[in-house]
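Two complexes follow with chain A in common, the first pairing it with chain B and the second with chain C.
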Partner chain A sequence: MSIDLSFLTRVAPTLAEGLSTTILLAVPAILLSATWGIVVVMGLLSRFRLVADIARSYVEVVRNTPVLVQMFFIFFGSGFAGYPLSGFTAGLLALVLQNGAYMAEIYRGGIRGVSHRLAEAGLALGLTPRRSFGLIVLPIAIRNVIPPLSNQGVLIIKDTSLVATISVAELTFQARLLADRTAAVFEIFFTLALFYLVLTAIFSGCMRLLERRLRLA
Partner chain B sequence: MELLVKSLPLLAHGAATTLYLSAAAIVFATALGLVLALLQLFGGLILRALVEVYLYVVRGVPLLVLLFAMYYALPYADIQIEPVTGGIVVIGLYFGAFMTEVFRAAVLSVPKGQWEAARTLGLTTPRILLDVVFVQAMRVAGPPYINTCIMVVKGTSLVSIIGLADVTFIGKQIVERTLAPFEIFGAVAFVYFVICFALSRLGRHLEWRLNYVP
Partner chain C sequence: MDALLRMGRRAASALLLGLIGITVSGIAAAQAPGASSRLDEIVKRDKLIVATFSTAPPFCYTDEAGKLVGFDIDIAKFIAKSLLGDEKKIEFVTVTSEGRWPAVNSGRADIGIATTTVYPDRALRVAFTRPYIDSGISILVRDDTNVTNLAGLNNAKFTLANLSNPQMADRAKRFLPNVKLLTFDTPAALFTAVKSGQAQAMQMDTPVVNWYAANNKDMKVLPENLAVVQGNAIFMKPGDFTLWLWMDTVVQEMTAGSRYTEYTEIYKKWFGTNPPPQRFYGATGSAK
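Coming up: the complex of A and B.
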């Protein structure tokens, strides 16, 4: 059996059109989720009971419902409410809401893993509790949780495929168009899978580099 | 509100499909995860490499892409399969990889001394696995296992995209007819919430039971 890879040159250009949209969606989704996660974890750890309760309910609701349903809720709901969001914005919003909650849980684990003596050392040096947390505990916690954050980032990249259902022309959307038009379905989905594998491999590679850079000597 | 009451039977029907898909996919993924984890821990070089490749591919490719691949490619390969069965198989294959990681990490978390002690007592390898290692690994595997089960339940929502009538699919159809996205998708989300919340509660209960020392 000979393997003919010439189909790659036929399928790849069309898929590449969707690639830029996938990247344009994945990058802000990852960055915003990581940032939103910090806000949420501050809420979870808040001294104020009400804030902590609200943050906890948010995390529970979001983590126990599918991101696809959240996407539909935001996309169709926003249109119905008279403020129609584009598929791209609705998808981005749903991805950030969902993954921000997961990231918050990851940060929480990281913060719990930092010895409280470090925070006390900050206080002894005359830092306010807030600054001691922000300047000492949080940076150490984030450095320690880069591997699980990276895993979550890979899941975000994969979940960007879901916006194909609210008609955003990203990778999976393009592949589906191709598959509807031609009979070369094996080739199309093989190439599509390859695109995602390369994307996620590049991302985890970058995260590993970052982890190595940030590791203490 | 009236609309919600009227759509309730339809949504309940979809919820039943979602439950069935979830249960079947969880069973399949668990079985696959156990087998792959054992192969990876105790298999030969070639088997281990094959499992590693499988895990790598599944970790890097979206579930939706695998579902589409099944949906589009199987008719060309002349494979006749029920769409529901196909969905269960693909979801099971996908989350089986996650389960593998859970089980492998749990078995590896059992200290080596336990193996050595059991061997000194003259237990055979299968006996050691069952009586010594698994019972301890189960405690470690509990919470991440339940998390993965919740991911499976949420993952079943993707079958709505390839046209299976689960609760998300039915919800979307009702919304297209009635233009009431908040009520209907709220109800759909509630169905998932109930299933997943029940799962995590069950998990916490089991965890408590397993860690109980008389």
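Coming up: the complex of A and C.
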């Protein structure tokens, strides 16, 4: 196997086109998953048994089915139902539904990881349970969840490649078209991997800066 | 900032290692001159390994019993029989549309038979035999569109499902510039898109489209053929003249030589009609 490097410079513009769609998909997918995760974790930790049970079943169902199957289900299913969603919308929805559940579990772990004694200390100082949670538990929990959240964000960036199968012209989709036309599969997928590497490196670099900023001196 | 720099340096060194690995393997591959033909290897192994699709009826697809069947599969079996004396001495590797090329170029499979059309840009990377079938391209539409020809379909309210190869996109632009496009990686996904209403029509090799129309009462085939000649051929890793010549000779013998009878049987089994005539000057056309 030998790599034709001049070929890479020729295909780079087409891949860059796909890159913009990948970013347009990944950014809202990460932000919406993080937000949806907050809603779900509130359900998981709810005092009301029914709400907690519904949230738990939701997490188990979406976490234990492949996101690709969910994409197919939403994309083709919405067509059969007579309200066809675009590939982009169906893909975003599947990514947010699945990763929201993962995010919720990360938040839950972060909150549970804060010692009971700290919350109790807050109560002993005369804070209400709500304020004790907000002022003492939450700030510590947020620091704890940054590394796993960053990890999940990287997973989302990589999972955006799955929407290529439901006709969204993102990075992987463009790469597959190029590979099919030219049969230069290695060169193209090598470049594709570089694009993802740069994307995830930028993202985790930002998350690391955030982590540093929040670190207690 | 420091952290970023350090990360950047680490990423760069990892990348460099990867590049060195690729270069080394490239040199290793280039330093094997005078290697014997893959054909000898196949004969010694006593088994032919063929890359094919599993979702492209009626060429190569999985039937309800989970078995690979189709025109291309029968052609592959016929080649195994011609080469090794037994059509069972064959192993199929199922691949995706763009996965066909590395399947043969990496040596995973000896040859590829996967409803693959010859295009000059593809021929730069793989070696093609002469075509073993001229498939044509037709359009399958949902009956509820009330469209009867190409001109009727060329409307912004319709969506056409394409396979993820650029030739499909080029063809759509030429014949149906007004329709919206969706692109998928298997013929089965094209069909699901049409069936689910995400698209109203799909373009695909004529025999594939006819097969879907025959099996679905709510769909029909438009009369126009979008490709004048659509030659599907066997492909393999380039540079192995002995293997290529043998494969090309088999194709010649099937389509216009001593194996025309066997070829005709396979053709009729899957398409219900006779293949093109063995001799282009034949008055009646084809084998009776």
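Criterion: the second predicted complex is superposed on the first by the 191 of 217 C-alpha atoms of A that agree within 3 Å, B and C clash if a C-alpha of one lies under 4 Å from a C-alpha of the other, contacts with A are read in each partner's own complex, and residues count from 1 in each chain.
Keep this in mind: a residue touches a chain if its C-beta (ideal position, glycine included) is under 8 Å from a C-beta of that chain, and two chains touch if they have at least 3 such contacts.
Since this is a predicted model, take the numbers as computed values, not measurements.
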Simultaneous placement of chain C and chain B on chain A, clash or fit: clash
Touched partner set for A:Leu197, first chain B, second chain C, both or neither: both
Touching partner for A:Phe76 - first (chain B), second (chain C), both, neither: both
Which superposed partner A:Pro84 touches (first chain B, second chain C, both, neither): second
Partner chain(s) touched by A:Asp159 [first = chain B, second = chain C, both, neither]: first
Contacts of A:Ser167 with chain B and chain C, given as first, second, both or neither: second
First, second, both or neither for A:Val61, with chain B first and chain C second: first
Which superposed partner A:Arg208 touches (first chain B, second chain C, both, neither): second
Touching partner for A:Ala183 - first (chain B), second (chain C), both, neither: both
Chain C-contacting residues of chain A that also contact chain B: 76-77, 79-80, 164-165, 176, 179, 183, 185-186, 197, 201
Chain A partner contacts - residues on chain C that touch it in the complex: 3-4, 7-8, 11, 15, 22-23, 25-26, 29-30, 97-99, 101-102, 105-106, 119, 121-122, 124-126, 164-167, 169, 182-185, 189, 192-193, 196-198
Of all residues in chain B, those that touch chain A in their complex: 56-57, 59-65, 68-69, 72-73, 76, 150, 154-155, 157-158, 160-161, 168, 171-172, 175, 179-182, 185-186, 188-189, 192-193, 196-197, 200
In the complex with chain B, residue positions of chain A that touch it: 60-61, 63-70, 72-73, 76-77, 79-80, 154, 158-159, 161-162, 164-165, 172, 175-176, 179, 183, 185-186, 188-189, 192-193, 196-197, 199-201
Chain A residues within the chain C interface of the complex: 1-3, 75-77, 79-80, 82, 84, 87, 164-167, 169, 173, 176-177, 179-186, 190, 194, 197, 201, 204-205, 208-209, 212
